[in-house]
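My structure is below; once you've seen it, I'll send some questions.
Order of writing sets the labels: A, B, C and D. Residues in every chain begin at 1.
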Amino acid sequence: MGFHVIQNDITSIYLNIRKETEDICKPLEIEDYVVQPCAEVSPPKWHLAHTTWFFEEFILAKYLDNYERYNKGYSYLFNSYYKSVGNHWLQGQRGHLSRPTVNEIYEYRKYVDFYMCEVLTNMDPVSEIEFLLEVGLNHEQQHQELLLMDIKYIFAMNPCNPAYYQYWPLKVFRSRNQWKNVEGGIYQVGFNGQDFSYDNEKPNHERVILSYSVRQQLITNSEYLEFINDGGYEDFRLWPSDGHDWVKENKIKAPLYWSLNDGEWFEYTLGGLGLVDPNASVCHVSYYEAYAFSKWAGYRLPSEFECELGLDEGPHELWNWTSSHYSPYPGYESFLGSLEEYNEKFMCNQFVLRGGCFGTPSNHYRKTYRNFYRPHQRWMFSGIRIAKDK
Amino acid sequence: MGFHVIQNDITSIYLNIRKETEDICKPLEIEDYVVQPCAEVSPPKWHLAHTTWFFEEFILAKYLDNYERYNKGYSYLFNSYYKSVGNHWLQGQRGHLSRPTVNEIYEYRKYVDFYMCEVLTNMDPVSEIEFLLEVGLNHEQQHQELLLMDIKYIFAMNPCNPAYYQYWPLKVFRSRNQWKNVEGGIYQVGFNGQDFSYDNEKPNHERVILSYSVRQQLITNSEYLEFINDGGYEDFRLWPSDGHDWVKENKIKAPLYWSLNDGEWFEYTLGGLGLVDPNASVCHVSYYEAYAFSKWAGYRLPSEFECELGLDEGPHELWNWTSSHYSPYPGYESFLGSLEEYNEKFMCNQFVLRGGCFGTPSNHYRKTYRNFYRPHQRWMFSGIRIAKDK
Amino acid sequence: MGFHVIQNDITSIYLNIRKETEDICKPLEIEDYVVQPCAEVSPPKWHLAHTTWFFEEFILAKYLDNYERYNKGYSYLFNSYYKSVGNHWLQGQRGHLSRPTVNEIYEYRKYVDFYMCEVLTNMDPVSEIEFLLEVGLNHEQQHQELLLMDIKYIFAMNPCNPAYYQYWPLKVFRSRNQWKNVEGGIYQVGFNGQDFSYDNEKPNHERVILSYSVRQQLITNSEYLEFINDGGYEDFRLWPSDGHDWVKENKIKAPLYWSLNDGEWFEYTLGGLGLVDPNASVCHVSYYEAYAFSKWAGYRLPSEFECELGLDEGPHELWNWTSSHYSPYPGYESFLGSLEEYNEKFMCNQFVLRGGCFGTPSNHYRKTYRNFYRPHQRWMFSGIRIAKDK
Amino acid sequence: MGFHVIQNDITSIYLNIRKETEDICKPLEIEDYVVQPCAEVSPPKWHLAHTTWFFEEFILAKYLDNYERYNKGYSYLFNSYYKSVGNHWLQGQRGHLSRPTVNEIYEYRKYVDFYMCEVLTNMDPVSEIEFLLEVGLNHEQQHQELLLMDIKYIFAMNPCNPAYYQYWPLKVFRSRNQWKNVEGGIYQVGFNGQDFSYDNEKPNHERVILSYSVRQQLITNSEYLEFINDGGYEDFRLWPSDGHDWVKENKIKAPLYWSLNDGEWFEYTLGGLGLVDPNASVCHVSYYEAYAFSKWAGYRLPSEFECELGLDEGPHELWNWTSSHYSPYPGYESFLGSLEEYNEKFMCNQFVLRGGCFGTPSNHYRKTYRNFYRPHQRWMFSGIRIAKDK
């Protein structure tokens, strides 16, 4: 575990991760915690409550004798999709709820943290609880990235264009335009260590890999602008059939958060609205756009294994789409109990992203990490990396 | 005008009405101002801003020299549907906006009120401004009722069941079950006075009315429960064709805000969730339900003219549905300028309600007042009154 | 009754009307009988079967001893919406059924006609059966007009542009541009005769009518083209709010069946595709378009009573929209039994058309006849007549 | 090529395959050719025309000097989705077209066949034309299977329950319940021969395969009934998340074409409606159902490569779903020209089926053949085969 440490440290690791979640919300006004501008974007206050519910439901309610839930109704409101622990409020209606208020949710967090500290102090380090704690902390860290995604969406669609953080660094990763060659052969892929990993990264297994090259630098805005200006969105031959239907139905003309104003392209970033920086990496593209761009450029997307073998562990600036549908590895076994709902049931009609992004907590990085989204989604921090046969 | 008074008084009338709007919001938490649980229910903060925009757009921007708008973007955000003054944000997405914050909107109100006082102090009492002021104040008062409707919806659909006002009086209007008979003849209907009325109440004109009786007391919950228990919702013969489709598609089984719990009917009121009071008037029914009930009971709905002639001026507890489609009177002329969009363009596929309700400001009452909604809508304070031929 | 005659004649009237229905289908290929290009347009073979089912269900099954239905499943397939006689196949899926074949349906017609002749031979002329026969024949005649409407839609939307009848007369009714003045007063309206009428035309009752004029000639294509060329479809001020939403969502730019080709307007008529004839009456417009046109032209639509009092009995070339929502008359009583579903349940969110059209059987004409459609519908033979206050 | 033969034979092979298509339609009435009960099911007459258009568009129009198309409008009407050769009529509206008639389409077929014979007589055996001919014939044979699928859907949803062929053999494949074991290792998969294959079957390449067993016999109805009776459709833990949403939204309770009548399960087969045969293979299941069944049974679906290595070449009774998303093989190159639209653009959000079915022409069988559908689709002849790790 990234957290195999003495008990005192466990508690401080727990509290530290919990605090990082709240820190992300520091720049928010109360109103920003509440809204849900589309079904897949949750209100920030929901994230604060849901991550708390996760510890309450899977640890406190099961393992702490005489534990009384903070509020019995919260199990219904803040369960996301775990059907094995009961009904849940509809995802698309999270933004319809003004109550509980933001203050009440912060109180809920304090309450659960108090009892979690009690549990952690007495925890057997190789117990079931320790496993659930690890999952819970990794889960909370995943939601830290989701919080940034959702806050960005909430601010970006608002005509007032509020900045999340005025001094947000438009850090341009100036990696050279370098290709890494990998020789063909039989490789081991998938997780093989002692520390934490999700069930979907296992088992470690062999794959036949053909020789290939993968570009280390992400595609930049200036490269992507060439694609736009060359009519890439109109040329149906570059797109999967579903993808071009999506382009036409939604009148897609550029990455999410781009807008054209008097002939100039603007982009909303967490620092506010500004001109598109040609040297920055293109962000917030769908699988369809990544696919079409790479085909237009004369390359292809790398498979998820080509990324696992051909990229540094990270940190990375942006996730990159891969050509791989999200499927279980041979011999896959899901987490047990309610946590079997964590990954397996989503292995259908999604594509894998690899790498990580600036919003990914640094101890989350490992080469085998698999992120996954629907091919049309693009509010996550997704970029494009290209590959070619050698 | 309800407001034909000396200048000082105009200012205090203006400020008083503005304050009443804010008083309605006193019990709200910040979060309650923000959400929009369905397209027709607007966030309370939107009402606060829109009523303010109305004065800014139609009076200050036109008649106050050198007036600078508080924020140029607000015209786009807080215009409801007046196409003649520009584009507007989509109605169904008002709840997607966390900014401007509630505080900013209260600042906006202060700013506009300041300049309105300046205008009012110097206003020519028979001017165009005076007419716009009257419309603006009546408009704000209409939104006071809308605010109560929308707040109730927001609270009622929340599983936390917050009360708007804990001591909300479940006032039961104990009018006797009395019928008023009206002899057939030719009657004048429509507005004919000097004070304010909307364009849709004019001109005063003649109608042939047959002899009829209209019950003074609204239908009570206990009467409506008989209809439910007798299978009223299932009996297609009682319903308009569209209405029974609506019942089936939406699985309607009772008025809005009613819920069945262990065999007992509960109703959310502004005082919170409680048992249905059999003596209270049934509220939050659609035209379809009012129609079906009255047919089941062996009566019919009154026409809007039968209400105008057969009811007291008010105040009334609840609006009552009439059998009248919402149409212009013979010789109708709409308000001029942008305000032609106030009423005329909605005279299609709506039904008239008459009377008024507890949330209607008392100086709003006049016998010719016409309210109107789609036949399936029921989040307004709508009840049932029955009539019969004599 | 249009059919108060001796028994032999009843039979021949019956058979004649039945034959007229089939005559309308003579120009069709088998394939033309089957398709349903949109939910409101029924396959011609469905009309042939449904009108037959009407006699079987309401007369033969009830009044002919030992009658055996031709096929028990047909009651489910060919009931349109009479819930009191059982379930029915969904309207929008009539075109999904290849069977029964067209030949089988003609056999069904013969079978029912055979037994109907038996009934008619022995019918008591003032019986319940005689009433049902009258309704059934009027019903069949209504479907003759519907057949023409639906056939036209089926042919018009086909890129092959087949003609229904090559020599279809583009008869231009050259009535002079004449206005009829009606003095204000109290008038009797509604049906008051001995012959057949629908329940919705009764009772005869008094209305206050203000002085008005109604133009006798329908609006012509050249007049309507002026409206189009003047930007009528874009000018939101001319439209009901619902209506302009409909224009924008459906990108409406002209009447149904019009198409613009190289700058010239073409119109599909039952004779095939041809240039729009400027002297012909504009046809296939919605209530919204009729409303907007008349407002643009500085006039208004007539009410249904203004038409009843101000137009000839007919025959007329096209139905004209009125400003009247479709509502029951004071003292209205619906047909009894299952036929109560004929009219009453549709009196919601529809507008009345008056007059009649070239496809209306000539003995159907009477001044009190009320046709009704949703305000956006326009596949019926609907035109525009204008009125003004005097 | 399955068709590397002398010229005379080419012509007779061509004519023979064309005739087989028409033979499938022999039992149809004219009406059966026309309807489209859902978007994915095309009218049989469309198949007859589209397969003909394929030869006209890709061979005659390009390679036969002075060829005149039978009807210029047909290119628009009968192009399915090849955007590189122009616009096409919307797939979901194929059933809205009564014209061209069935007879006209048979005339079209004769016309194209006449000119194709002319081309074939003079064809250079290793030419581009010869390749297009092969694709065209394979394409027509694919549509023969589609025709059977679509005819079955058209008949099955009709309450008249017409039989396609009264004596349709309910052939029960009585393969023993036998498992084939495959040892783990590195295997060559994908097409490697001289004859025809689609681009998506290539290139031949290496895969690491773990030891596994795959059951030779398809899952039977009696086995599937156990799953139903055990509550398989209700147990969310067995299903992908999307899959259980699909079950609930569509109220799925059994395979397509099954219906419960008085406690007994009936199944529509091409021979008509009858009791479910417990010994027959379960057919018309979605990927979701196949997945849930195999999980319930304690097994898993085989990957497409496990099928390629573990099943006989065929013929097979039913296609079986695999666990493999439909993706290109490493080094994949699509057909050139317009035919690049044949396969590549569909490699997104679909799953592979392997094996073949009774409706697959026998010369179509080869071990590498890949069929693919959306995970919710089930009107093809799809069954279930199970696998396990060894």
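Everything below uses one rule, namely that a residue touches a chain if its C-beta (ideal position, glycine included) is under 8 Å from a C-beta of that chain, and two chains touch if they have at least 3 such contacts.
Model, not experiment: these values are computed from the prediction.
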| item | value |
| --- | --- |
| Farthest chain (mean CA position) relative to subunit C | A |
| Averaged-CA centre spacing for the pair subunit C and subunit A, given as whole angstrom | 58 |
| Inter-chain centre distance, subunit A versus subunit B - centres from mean C-alpha coordinates, in Å | 45 |
| CA centroid of subunit A to CA centroid of subunit D, Å | 37 |
| For subunit D, residues that touch 2 or more chains besides their own | none |
| Contacting chain pairs - touch in the sense defined above | A-B, A-D, B-C, C-D |
| Residues of subunit A that touch subunit D when the two form their complex | 81, 83-84, 186, 205-208, 210, 236-237, 239-244, 303, 323-325, 327-328, 330-331, 340-341, 345-349, 375, 389 |
| Subunit C - residues contacting subunit D, complex | 29-38, 73, 76-77, 89, 93, 95-102, 154, 157-160, 162 |
